[in-house]
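Structure first, commentary second.
The letters A, B, C and D name the chains in turn, as written, and every chain counts its residues from 1.
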Amino acid sequence: MCRWLGWSGQPVIVEELLFKPKHGLVDQSLHSRMGVETTNGDGFGLGWYGQGDGPGVYHGVAPAWGDANLRELASHIESHMFLAHVRATTGTAIQQTNCHPFRHGRWLFVHNGVINGFEEMRRELMLAVAPELFAGIKGSTDSEVLFHLGLTFGLEEDPVAALERAIGLVEATAEKHGIENAIQASLGVTDGERLWAFRYSTEGKSRSLFVSAEAETVRELYPDNARLQRIRGEDRIVVSEPLADLPGVWHEIPESTVLLVQPGPDQQRPFQPR
Amino acid sequence: MCRWLGWSGQPVIVEELLFKPKHGLVDQSLHSRMGVETTNGDGFGLGWYGQGDGPGVYHGVAPAWGDANLRELASHIESHMFLAHVRATTGTAIQQTNCHPFRHGRWLFVHNGVINGFEEMRRELMLAVAPELFAGIKGSTDSEVLFHLGLTFGLEEDPVAALERAIGLVEATAEKHGIENAIQASLGVTDGERLWAFRYSTEGKSRSLFVSAEAETVRELYPDNARLQRIRGEDRIVVSEPLADLPGVWHEIPESTVLLVQPGPDQQRPFQPR
Amino acid sequence: MCRWLGWSGQPVIVEELLFKPKHGLVDQSLHSRMGVETTNGDGFGLGWYGQGDGPGVYHGVAPAWGDANLRELASHIESHMFLAHVRATTGTAIQQTNCHPFRHGRWLFVHNGVINGFEEMRRELMLAVAPELFAGIKGSTDSEVLFHLGLTFGLEEDPVAALERAIGLVEATAEKHGIENAIQASLGVTDGERLWAFRYSTEGKSRSLFVSAEAETVRELYPDNARLQRIRGEDRIVVSEPLADLPGVWHEIPESTVLLVQPGPDQQRPFQPR
Amino acid sequence: MCRWLGWSGQPVIVEELLFKPKHGLVDQSLHSRMGVETTNGDGFGLGWYGQGDGPGVYHGVAPAWGDANLRELASHIESHMFLAHVRATTGTAIQQTNCHPFRHGRWLFVHNGVINGFEEMRRELMLAVAPELFAGIKGSTDSEVLFHLGLTFGLEEDPVAALERAIGLVEATAEKHGIENAIQASLGVTDGERLWAFRYSTEGKSRSLFVSAEAETVRELYPDNARLQRIRGEDRIVVSEPLADLPGVWHEIPESTVLLVQPGPDQQRPFQPR
């Protein structure tokens, strides 16, 4: 059911987080320890801010662990903010247009989870998308529709309020159809400056989601770890599963919570669909 | 804008029609002579009736001319009825779910042409699809939506009447939006027993479409052509472009006309969207 | 390190063995229980004898579990003899030319295992291939070179003697280079009439390999299993891992042994590289 | 038979040269005007120097005109030196390992052309590759073998002398086999600082190759062309076909000649295989 990783901080070569850590995201594509599925081999995506206008997006349908181009890009792209995602399909086709992150203007969106009964509700949810945004839906996933519902409700102005409404709509629609546990959603959203990480599920048993501790804490905890000693300032990693067994480094984001990573103090607050 | 070929008749190894003729469909993928584009390199599809239940479908995103698997399948699949299609996208993604033929139950559908202004009308046309068929739309093409509109209007009972209504709806929607020349459509539809070939465009200047002459005529015209001497009984080829320069072998299907190839005498009649 | 399956017997629709059994080969691509790796997601191949001349081959680079075309082919191809293979690369590229089965004329060849130190020995082993066969090496795997060594030593006349010499050469070359445990090899070879299954490794701890029991035995053991009741005559399945937990149905092929499945009584004899 | 483009100069976003010119390289993939084939749809490659260590390489098997990832990378990668290549296979498989540029350490290599009779000479030419470089040959093209012959003869020290020897060896081998017109070769070679462009063929009728004029000349010729006004200093484009019909901007590189683009005055001298 997917794993994702977000980075916000000093510019880094992407492979530092995808490939080099012992349990980096690409390793998670083959050996996930906390996911519903151990294998996330149904495609990969990377969205990054760096050179050129707006975010760039690379979508691959091959498993991340064997994608030669991904390895090249990861070792030759530097970014201060990126989202990466490995996919385990819940049934929809393995194609680039179904790979995360989804993009709209300057915004990127990744989702780990599922809308239950999506096939049954797809038409109704797509109808709720603003007509002028409809043509932007290129694939067939529940995640892309959720993103467009968010955009419909003003994600570009207030991501939290917009996704509360979008998920509220999904839950209301599911209830109407008699579908239980409407949604599982670990979400990452960014505009290149700020990064929102959401952890929510209708049943209150959400997919795991972690954020790295303050730079200073990390450095003090592991004075002999060369990689961690390079962490500084406001560097933050958000990830579905810890990249390594490092007690003290990873803080679980609580249930029904949204974390905002931004310049200055980060914020955490309850997330309540309506 | 795509090229297609349909075969109805004695069981043949598929490559006899795709690869072996001088100007077979795979050659047309690289060197189309009558198409809007000379290159149809944005994917390929084959749907056939033979072993197993219902039609099998092979969809490839690589150009037909270089697809090693297609060459294998074509030389190892025998079928009495098949549709093959080479694609030149008018903008939608190159992915298997956008490759023709589309399938519903025992039915196959191919389209050469375009719905003009589709991006603008997509939402409205998708809404007109019967809700219970909505989940069957897996890709993002105009062609697949057209097929589902046909199914909505009863294609499985009466393909001609259903597609007259479907295309009529497209034209009415286009008119409402001030879009001219709503549709270009050379269509192939089959249930494995009968094959319908439609040639229609709003502006009355439709893509080319040809059907082969009666077996006896073909054999008499070319007594020294070994391949053509094997044509017999009710064998029929329908194709966007003649497979070779053989005067007398290829009859153009007229404008605004549908041809029904079936056991017993074939039928041809006007096609009038409403 | 790959898993494979061979069928010899009455004509069957391929999916009966790849997809339908509880632990069929496609399930093994995602959840292997006896392999060195649990995931075999680096490509797939099917070689079959049926319609058309000689064996057809389908090679896919996507994981078998998510390959829509594979599902189509498996449900629409009938064959009395086929080899299927799911790949877990030991380092060489994921590309169609590296997918098994490899083919030469009427012959198919699959390999589960590895030549240790292949990168170091590749040039030397390729030089040992008969010059007229050299151009037939299209990919970069150890397996394809092993097949061509077998062909060089007369595989088409006597597969067992030829592979004893080929593997003997690999072992001698490894010894010269100071490489231990030269080869792991569970091999399947067929000409469409007979099927050879080899189990051998230099260290004497070979990958698992099983053959199904006589049809009568299978039917008597499981009188209520509809699928197994259809087994008859000389039907045989050879497979890296049992397709289901059915005590009595699967016989392990012993170490350093080759099994020949053929019309009439099968044969089993020691396999001794020289 | 391929088309290629090299850039050396100020850092540019890659799409400025691949996509934006009227007849940029991606347009040449679909509508080549000077090539042997009009379609170069059998894969694409980009090698660039920028962020990260050494050159990055992106290889795609889809036609360049329809590759969504290529469009993303081109608009988000900035580089002062890159080589791009669109492929039309002369028979070898369409796979990433057959895509140009080939890389060795800091070096990149592209080839437009063919070694005639390569299948017949492949074994002999591969044997001439230094054993320690043999494992670096990952694909099956003539071009990659030519590159490795160049490396064998010291390409990293003196590219011109090394390729004179490599091509001389190819010609001598062809002569021994009675093969005429041994090689067609428009070659691009770079170490990230300097760019060598070779134009040579045994028969003296080489594929076209052009270099852009001095920046000052270009700006004076087209004072109203905003793109060309940005050309400055030592910026140079080397390309198989002019990117636009701009008299005075494109100088043909003569037959049997190698051009060296470098900091300071460029050099041009005869190229004579031995």
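In this section, a residue touches a chain if its C-beta (ideal position, glycine included) is under 8 Å from a C-beta of that chain, and two chains touch if they have at least 3 such contacts.
Keep in mind the model is a prediction, meaning the values are calculated, not measured.
S.K.: Give me the set of chains touching chain B intersected with the set touching chain C.
M.R.: A, D
S.K.: Determine how many degrees of rotation, between 0 and 180 and to the nearest 5, align the Cα atoms of chain A with the equivalent atoms in chain D.
M.R.: Copies differ by a rotation of 180 degrees.
S.K.: If you tally contacting C-beta pairs, which comes out ahead, A-B or A-C? Let me know.
M.R.: Higher C-beta contact count between the two pairs: A-B.
S.K.: For the copies chain C and chain D, give the interface type as same if over half of its residue numbers appear on both sides, and as different if under half do.
M.R.: Same, since most residue numbers here occur in both copies.
S.K.: Any idea how many Å lie between the Cα centroids of chain A and chain B?
M.R.: So the centroids are 41 Å from each other.
S.K.: Where does chain B touch two or more other chains at once, residue-wise?
M.R.: 68, 93, 96
S.K.: Applying the document's contact rule, which stretches of chain C touch chain A when the two form their complex?
M.R.: For chain C paired with chain A, touching residues are 30, 38-39, 41-42, 61-63, 65-66, 68, 89, 93-94.
S.K.: What part of chain B is in contact with chain C in the complex they form?
M.R.: Touching chain C from chain B are residues 13, 48, 50-53, 56-60, 68-69, 72-73, 75-78, 96.
S.K.: Using the touch definition from the top, list the residues of chain D that touch chain C in their complex.
M.R.: That would be residues 93, 95-97, 119-120, 122-123, 126-127, 131, 134-135, 137-140 of chain D.
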